[in-house]
């Protein structure tokens, strides 16, 4: 399951080698969140990471983003070890991360503003991407005036506007309702296909994973270990009703169920010992 | 689809006759939430009401509870029009509604306390039902020391403790994670089968509906109208993987999809007109 | 909670939601009605209160020397010749006050102190958060000085700055500065990590995070804290005016006291109430504007 | 943020989470270390501050008549013969204070006023919420009286209650009562509908909802508001003591001022700071207990 | 049983107690001296002094019935009286001693233009400044008045240079003059004449009506105190310094000279009424005190009934 690294580096955009993460080292709350995980992401690939709640998906993603250093192991991006955040890898979070005091267009152009691009140039570029995500008429609104789905679209526009190659997405649609989520999934696939980005997408929804992914990596319940890597070779757009989809779903449900039960039992145990939830 | 009422009243516990509800009558925010809905619930039946988000499920349930009067139409319980809340109909809400300043056992016994039952007697009875829901060792904890699932179990114990015949449940497991939700569903069925209660259960999860219901009522997107009433005659416990389950799921998905799309389109329209979300 | 009997003919007909214009008209009437009702209750409540007060006075049950009836202390305006004249910047002479002068004097003191305190606290707080060593060195001292009530600084202020605006402004400054500095540091610590992570992922440097994220994120919260301390500042200035700085609203009630003139005292109290209320309302307005990007629910 | 080079031998070995006891030991050492560090910074910060102050004094750059050096005003304790004696309830004689007497006097006033105000506000607020007509009649008047700063009531209080505890307690009472009454009504309006619905579904009468749901639900919030107004009450008492009630902590700094004795003034300020801090800390403790059923995150 | 306890309560009480409110100046000396030497006891009652920091509180305590009698600057008495407080002035207590001291460079009232003058508000010290300025053709608009609440504070404000002139009583005025090498611009006698009153003795109406003899006894005590003070300054100063005057013996001795006691001020009635006019101009009061404000009937009776007390004091009204 663990892939063979270090050979054709050029082929891979992101490589995780035996990455582990311990939170709260040397405190009584020490938690091993990620345990020796290795995988790689190819350029232009749509990789989905799935796993039960609390298994360390967000932890893994924020290490790739460079927001947190791994406790052990190594993460490379284009052959370079990751030493901190970089505009090469944009992250889209579960909640909207638009800055509430800026208009939508200023938010989208914020990455360019940080780079020192002048106002006119960055607004021009931002407008282009706002159009791309269908928010042109909302450019001068403020985030709180947008619906949840619109906010996430603006976040995506911000990432695109910076010209990022890699999009890291941490359950970006989890806070949306069913219908909006479905629209956003289709929207994301359109964007991804058009722009040829590399996407690492975290979720715990099986259907979402199958609907989106080129390849799905399944993590075990905490501590997150690599359980399985599944390539989905269905043509897009994928039909949720198709038997192929069904087959994949059943496989994942099987995998997840065992992990969920494990996680649940563990949690029950913890609850009995420590009643703070 | 609309059933024939008024004939054998004795057979039905709860009867809704052409019930409508308008929120914010005579204000600019006037909303028609429920539109001429008629159905009845038989004693001991497990009825699930399903419908897209915002279609008026909670509105309908709180009218049955007696918390809100219908704008038009009539709701009967055991032949009597409902004029207000009654301990005969207990409601369990989406969020835990335990009173945070009381211990779990006091919460469970709260209905009896309101009736004036003395402390010893009510605690004895409450302890019995706490045991029933597997929370005996948590009797003297406080709500915030319990997990979400445990809190909902305590709410159910409270309803049972009062000796209620009818349990009205408004998405009681929606705030729980997947694994806990599954456990709670099984738990609820056990309780229901053992105690022979009448249950009206609101959800927007198709699987949950099929897993639980004797009969499922589908509401349309807002304004909520009765779309379909489906009897699920599968033996319990039901296997989520079975083809029968699958068949029901597909039927519901079909129904829901069209409604969801309608709701979504309506929402989009609203968003364009009024950008406050 | 009442159940209207069902009329068959009506219940089966669709419950038509009325048209938008019709709806708006009804809504207007309804809100107008409730407004009128509101006003009536206010009038009734006030008349009852004042009526009772006047009645008790008239019956001799109240010592009007101590508690003059409303009509008495309002009539005191007439005795204060210049009271209602539009003089600003004219100091009082003897027991003569120009109400406007007093209000302007007091407000100037409060606002100058607040503005100076806010700026200074923001500066020191940001520096303390940005340069850890500076923070470590200054924050303990500030923490120790913060609980000294601004009022306790009045005698020192008068010694150090003489009698006048300087002392009053200093008292407000000192009352706001320590608390707000600590609040700044604290608020900076509580800035949503999500915003900071967002900026970092987009390539922001430490300085950029400070100026582009932390500063805009904390200003509204600080303003809320400033507003919470407005009342203390207001009280401190009034106290200073009562104790030594002998102009302004605080001085009016003090003169009332020295003259054994309860009417002037109550007149002064009424003015303090009104001005205090308007001051707070003004700040609430500003706060709304500063916080435009937060929905009311969040505030 | 630094990336340690990967050692092959280590990275493939399982990253063993250390044993619980080992972990606890490490955690203890770590927290002890940070505590020591904390203390060191405090000491350093304070010594720097005091050192600078003393240095400037010694160099003659500060007018010690106005701003005495710390060692000078602490030495003032010795000049105040009875200052540290354990006398309670003994009024001051001339400019002689017993520190304990002053503290007890001031605290008694603050706390009596707060307790009375809290109880009265709770009562009136609940009645106003329960009996709509009563509320409609009283709330407008209370709303109008609320913005009068408690300090403005001082002269009236002294007239009405004479010089002494009565006046000071009244000032605190009046400062807390109106605000807290309005807060009570407001908090009652904001009680989570879910709790009320729960009780109603379980068969609670209107009275039961009031006593079993609303009262327990609002007490913690009211306590928070009470604590927010503690500072105003504290200031009001100090002001009253400065202006007329000539015992207590406020009187100490006032005598310092009257005697042109900056040392006594600073001594008084230091005491006000310490007592004010302890008072607030005490209330924070009580609040924690009153709010035991809310997790800290919610507070 | 009832009667017995009742009897005990009244009969057991050793002496009727009269509470006085008063200020801190030397014009209170007869009261302080009487209290310390227990002169009241000779007449079968007890006098107790309730120190009040602000002149206004003296009137407040009298007006609200917290005390029955007061030694009060007559101006504060006027202010309280015109507000409707029910009391009357029955005798004098101290006379003269209102002194205006200015910085060395200020030698005339004309030079006070635009300067800061400190004093107590609505006090005799305040009115005397106004009268002086009026004399020099000026008003309060021409100077800046700064008001303080305490003698020491007032002195310190002048000494520390916060104000340019101070209207003060002894011993503070002397201290102000010597420490700054300042000028005494006036001591009141040049515009008010010799023997003008400062503090006076006031009693509540109920007391005057119901127990006139008690009031008369207090006046008698005051006469006795006046006699003893006039004849033994040092003894009087030693008795009262420390407890009542926060200064050294020397200053009190010097001050006592400038501010002698004076109980018989029957000829100063009109003087007080005309000061009320000044106060009206300052807007301190809106109406003049009526005829009942000053009531020297009891004083007259005392002088008639006990001429020996009156004969032997120095300060006498020439009526």
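Note that the chains are named A, B, C, D and E in the order they appear, and that numbering of residues resets to 1 at the start of each chain.
Definition applied: contacts are C-beta pairs under 8 Å (C-beta built on N, C-alpha and C of every residue); 3 or more make two chains touch, one makes a residue touch a chain.
The structure displayed is predicted, hence computed values, not measured ones.
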Co-neighbours of chain E and chain C - touch as defined: D
Interface composition of copies chain C and chain D: same or different, split at half: same
Most contacted chain pair (by C-beta pair count): C-D
Distance between chain centroids, defined by C-alpha means - chain C, chain D (Å): 20
Between chain E and chain B, distance of the C-alpha-averaged centres to the nearest whole Å: 84
For chain A paired with chain D, centre-to-centre distance based on mean C-alpha positions, whole Å: 47
Set of chain B residues in contact with two or more other chains: 66, 84
Residue numbers of chain C (touch at least two other chains): 65-66, 159, 243, 257, 262
Of all residues in chain E, the ones touching two or more other chains: 54, 60, 64, 149, 160
All chain pairs that touch each other: A-B, A-C, A-D, B-C, B-D, C-D, C-E, D-E
Parts of chain B lying in touch with chain C, wherever the complex brings them together: 17-18, 20, 22, 26-28, 30, 32, 35-36, 66, 69, 71-75, 81-84
For the chain D and chain B complex, residues of the former touching the latter: 194-195, 197-205, 208, 212-213, 216-217, 292-295
Touching residues (chain side chain E, partner chain C) in the complex: 54-56, 59-60, 63-64, 76, 79-80, 83-85, 121-122, 130, 139-141, 144-149, 157, 160, 162, 282-286
Contact footprint of chain A on chain B as seen in their complex: 52-53, 138, 141, 145-148, 150, 177-180, 183, 204, 241, 250, 253, 260-261, 263-264, 267, 271, 275-277
Interfacial residue positions of chain B with respect to chain D in the complex: 62, 65-67, 84-87, 89-91, 93, 95, 97, 99-101, 110-111, 113-115, 142-144, 158, 162
